[in-house]
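Here the structure is laid out as structure tokens; the discussion comes afterwards.
Just so it is clear, A, B and C label the chains in written order, and each chain counts residues from 1 on its own.
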């Protein structure tokens, strides 16, 4: 198939960027979206142009590195799918496809489609863990965990930290990301001792990083490649209210 | 947002319930309007309690707008560079129209007070009975006023549909069943409220009341 | 042509750190004999950890918890992304929660046997011992393992074992374990005990006075080259499966950190030991950039087959009658059936495809059919177990595996070879430790399923933190300065190499070289190898290397984010590694584990080992770009698990 892509090109963090149009010819519908960009880059290199910089790594939808807003939708048109798992068969011959980076003050552009997501690590640093230094653990069966809770914790823990929620949020809020970690750890008995301080500290870190506030717009969950549900934000709010009232 | 919004929702219901009095009779409606001013007497002088309510409402509206403005400013700061391809709305339409919906509602409320409370833009004028203001304000030949009113009330409905559900979420609702319940309640309440508010002007314009 | 045109033989190499005596107490005794570092002194000692996967992340967090100052490096944008995250199936541990006869000894036995008697008994026993601690540790961190209704941990049997000892978190066990390690690491970063450097790539090892004392790194955002110093360096930089271009590894996985250390004197052991995973999604065309693995757990319920007659291969699967299907694994290996170890399943798939009975594009695929499982368990149960894998398959191929059988084909997945380390995980360069897939030590010639996660975390959480203290006890070592001759030299090597890449300005892209290298490796150093093929491959690789250094085109400059420059450095190292892999494969004139040498097979076509000649680990020493690598043999002694022919029939 033959398509056109309009891609955000920005040489450096401080440079001004713009959308640039490229023709991509003869792409197999079985190619992934990133493989299409690979093919385009090969031709750009050989014609002496600068290839498009983009983040990617595992290309199987789990590392969370790939990050493209495709036609205004984070990770593109297919639900519950990362950019790397999106295939060209979801597009039609002759399409013009817009490709942009995540846009958020907390995720500054480094180059082209590559953004800096260190802010997410900062949120985790603030409390997204259970303190369990190596060697201190009791036997794994010492504390049974109801299957229901373990399953729910797992669902929340499948977040890949890609940042699509922030990219899609009209407020640029990272609430779904933070809520997923709060829920994962808060649902496990091991996570109870730090439950209150965790929610307060992580929310503070999120505000400090320059993310916007949540208005429950719900765009985040619709683009989330792992389908993290919006209800986790309610859980976070509830945890936060309880934690603050105990202070 | 959630707490101030909740106060405003309570007010809207009380206000709507009062409006329906007009179906009982014009004198009942006028009597109700007077009763509002007599509430709290003789503990408080005439109309004081109403003014307390009005001040309370203003504070709630102020807080609501202040919070909305703060969130909007934060949102703008959080995304300094806009998307070239306008983001598609994936979630709910109501959720994405809260801000402009809110602005429209504020403008409507100002007009609404000038019209039916103060009578400044009402053909019956400020000295007429409340029922006269309603009946002349929505008279059949002023159909355009009714249409404007209808649109504004529908905007309020949209605002509430997301607002009520969102408030429940902000206050900590978190289960899947609760999620469904909250959505249903938000929708039902919004529809009931819109129906209550629209019944009066439509009834007047179509001549059912008058 | 004699093999010795390609390599020379040197002195044997010995693992001096391993205690002898009863295998059950070796680890205990080693821990007791290892010198300790006073807690107050740990703050004065710095350790560099390269890589933030299961091994690197857990090591960095644990060392920091112990009080050392840690500097951590990864090429990804966050330490949460290393490719350990993609491991699907599970992690083994000898908990015997199922009371099905499992024990530390049985896990040890299975792993030595599964590794086709090419792993060290001491290491494997230790691995089995600490496996139980890993599960405890991960549960304490909040890893949401699958549980039963009673609230206890669930287990499943996995790839080639007859006990249920595999702990799992749906099909995302690697992700959950890595997030556990990542969160522990982030906690230490937040506390200021770890200095994290994401988007940084190690490009050279710095050796001062014979000790590993630092690394040269490139900041991948600004292109700045810096020299970083420490009292010890830990490489946790993963495997080198991407030498094949198409593999299940992440695109960024590379051998550069290990290879740079190898060039500086660290021995590289068993480079040709590659694991080819039997259940991957087949290639779909020339645009293919990587292969995707489908968890091996699928073989628990899926049945593998191809048409009996080559003529049926083009027909839709549904039109092939039951009696015309060849469930070849069940036929050839009746006692293990579809659950034979990976190497056997992979080679069997290759054999049937070589016979012309493969299905799908290019005839490179076999069916993995769930029709029986759906009939037996119901679609719902199958969905609960494998739903996410089925979805992934459908997303990639556009076919619905509930309706038509999946097509699978083997793909390179894991490399058992790596830098040679002793029992302490220390390489032949003092102060250079190697953990996880980057080392060679625990899996022999073939890794069992669900053992990679186990080894990565064993090394990082429990082994390295206990052994590195023995080395660090002699520190802090004299401060290294940026102006010291070895530092200046290492830095200059890096800068010159980058300048060279950028100056060639040829007419071929880096990827085109990588793809070509991969084709050579897959063809001649893949599932089946011959002396003739390997000899040819060495010639092809040498020619490719020359072409690379004259015709490669690397756009852009060094002082910016330049992904092609990053790739160029990695591919240059892969080319050199590829040659060594072929030499290693050539010298090992036996079939063992994942390595099938066509000249060494039984009359019925099964792998034939030669324990008399090849019961050793082959550790190679670098002798210059044009010199012959030197082979150092480490003899393997089997005191407990006596070599026998693996039979899964």
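Side notes on the structure shown:
Methods note: a contact is a pair of C-beta atoms (placed from the backbone, for glycine too) under 8 Å apart; a residue touches a chain by one contact, two chains touch by 3 or more.
Quick caveat, the model's predicted, so the values are computed rather than measured.
A linear topology is adopted by the chain contact network, the touching chains following one after another without closure.
Distance from the centre of chain A peaks at B, each centre being the average of the chain's Cα atoms.
Chain centres here are Cα averages; for chain A and chain B they lie 38 Å apart.
With centres defined as mean CA coordinates, chain C is found 64 Å away from chain B. Distance between chain centres (mean CA atoms), chain A to chain C: 27 Å. Residues of chain C found to touch two or more other chains are absent. Listing the residues of chain C that touch chain A in their complex gives 58, 61-62, 65, 76-83, 85-86, 95, 97, 133, 135-142, 144-153, 169-170, 172, 175-176, 179, 182-184, 186-187, 189-190, 196, 198, 221, 248, 250-252, 284-285, 287-290, 292-293, 391-392, 395-398, 461-462, 465, 507, 509, 511-512, 553, 555-556, 560-561, 563-564. Residues 1, 70-71, 74-75, 77-92, 95-96, 98, 162, 165-166, 168-176, 178-179 of chain B are the ones that touch chain A when the two sit in their complex.
Taken in their complex, chain A has these residues touching chain C: 11-12, 27-28, 30-32, 34-36, 38-39, 42, 44-46, 48-51, 53, 55-65, 78, 80-81, 85, 87, 89, 110-111, 114, 116-118, 120-121, 124-126, 128-141, 143-147, 150-151, 153-154, 157-158, 160-161, 184-185, 187-188, 190-191. Residue ranges on chain A touching chain B, taken from their complex, read 6, 8, 17, 19, 69, 71-73, 98, 100, 103-106, 109, 168, 170-173, 210-213, 215-219, 221-223, 229-235, 237-239, 241.
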